[in-house]
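As written, the chain order gives the labels A, B and C, with residue 1 at the start of each chain.
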């Protein structure tokens, strides 16, 4: 399926996405979902997440500011979404940075079947190994995916995808989107995106919308979401003036998603399949 | 009382508004309150909401990301505000989307006396009937207020207002602001406002400021708030460039509230009284 | 140490800052930390704050939307940061506005050793006296630091700093940064900054980054942070157009921090030492 069609499905179906996410970047997640044509709903109380997930087309779980109360909600929502066969995206923000995050991520992996798992290489390595070091929510420099270690990273991503039966999305200088057999290596985006808090969270939310609208094409849908956010980062960067900084860039990225068309996504996507 | 005077009172009295609201749109609620001349304070712990409400002029309760802990706080704050005769605004975000939201909204209606209840037609129908379907936080298409079903909707709003002894604010393509006898049908605003998360939440916050500064003119104050946000949505829309999207629009709306004058509100308001 | 060097250290060391802060302004705190060259991590569950603080260079505690759960986390994180000798910044938002805030602020002062305490004069007076009145999160008009009562306020700040063994940062028309012996009186900034929610919270976050990168120069680091935010407020103000309001100003301030250089900080800083 072409990326263009994947995105057309999002714009046409307007999937409602249930987000259990952190309070740092939640507003951007809601606005970027609206920008790409989806609808957001945020709900994190154990007493309602099952109801909310039931009326949605997809679920996005992000542990960026997890707490005792919301961990239970993530598990309950994830299981319900699994029962209903709604795709679930997992963003293991900061896995490895605390025992609580690592343990919670592991528990979620055990009890919930994820359609997509998206993180930086350090977070994904933590999930893969139960160990790993995390400098906050960014990958360790030694752990970055670069052109040099790309082949190795692709192999790792495929193995992780096989093991978890999820599409693995590892974001970095080059983004890798892989299932057990195929990997997209994507070269969209701009380094300045890391100076805006939550571009990763936004990508996870957008990915949830893309897979919810294309449940039979998880790999392509995740790749399309990564390309869409990356192209938006490029378009937004070109718009920056001398006085602009990361706050302007933040808005420009969401605006660029809003103005992105399926055609521009198809044209702008820069990837190779390995 | 003229809308101009209503707004002048807000700018003059700078009411302090206590918000127990969702974490998705809370920053916009705070900034739009500052933009209209009021002051925000957010506090949601049961151990302090009574104190906080006591030093404020009005209370805004929004169940957008309710949880067990904050539901108790909403009830406590609402009751305290009632004791002090401070106007309380209720935004039943997503009522009907989960049993928890519907039950909580009903409990709040039973135990707290509201000055204004603001929602979309689907949410208000849920409160009115104890049933109803909600697609996330937006009204069902079949449930939208349009020019065709306006008379019916006005009747419904008046009945709901009578029943709850609150001013009913039902927002949609046409906004209805009604007490038991009189209804304002307001045609300000722009459809693109629904592509920004939380414009409804912002309106509820602004409404709390308007009624807090005009406690003896609840109906006119709520109508003025709806006109003010609608005019801001129009002004902001005119400012959009080709590269702008919903993120720019989000800022432009708040900026337009900041630059709105009582005179421009009076001139720009488009309503009929039924 | 010159302000220029203080800021160079921030840009060079990129300190990771642990924030336990309110959900109103948390996104701005994260983005302003990135803008000044630091990295943010937000974590507020008691089960992980000790781990998170351990991997950070500094801790920022803000009680703007405190609750039972997070109060315990603030205490645990503060104590752990003290053990590790990481500087801790305290922002007692709304101290005096509720018994819970006042009591919590007092408890934190007793059990945690702060490198810097930053608030408006009303909040700091509450901490100093155990009494005081607070109009929301802004200082009472009668309590503002002005040119007229500056000498008195400087004395008060020095005494408070002596008593708490922290650098006192009292922000207002003139900002005072004082330890027991020396006070910087800073005249950067713009009154319109108070029309953006959370510029105080942002300053506290930036201060945490500045002291974390300059742990042996707490007084100068706090003064540099205050000058940096003030200069950003000035630069951003100059950028405002007729249609801009507080939402544009909000972004422009963070953009100005992003574009601030150590040289511009040195040149633009307006202070006298008393």
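Note that in this section a contact is a pair of C-beta atoms (placed from the backbone, for glycine too) under 8 Å apart; a residue touches a chain by one contact, two chains touch by 3 or more.
Because the structure is a prediction, the values reported are computed rather than measured.
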Item to check | Interface numbering overlap (same over half, different under half) for chain A and chain B | outcome: different
Checklist outcome for this item: If CA atoms of chain A are superposed on chain C, the rotation in degrees (nearest 5) amounts to 120
Checklist entry - Where the CA atoms of chain A average out and where those of chain B average out, how many Å apart are those spots? => result 33
Next on the checklist: Residues of chain A that contact two or more other chains, please.
Outcome noted: 23, 27, 69, 250-251
Item to check | chain C-facing residues of chain A, complex | outcome: 22-25, 27-28, 64-69, 94, 97-101, 134-138, 195-198, 242-248, 250-251
Checklist outcome for this item: As the complex stands, chain A meets chain B at residues 16, 23, 26-27, 30-31, 34-35, 39-45, 47-48, 51-52, 55-56, 69, 239, 250-259
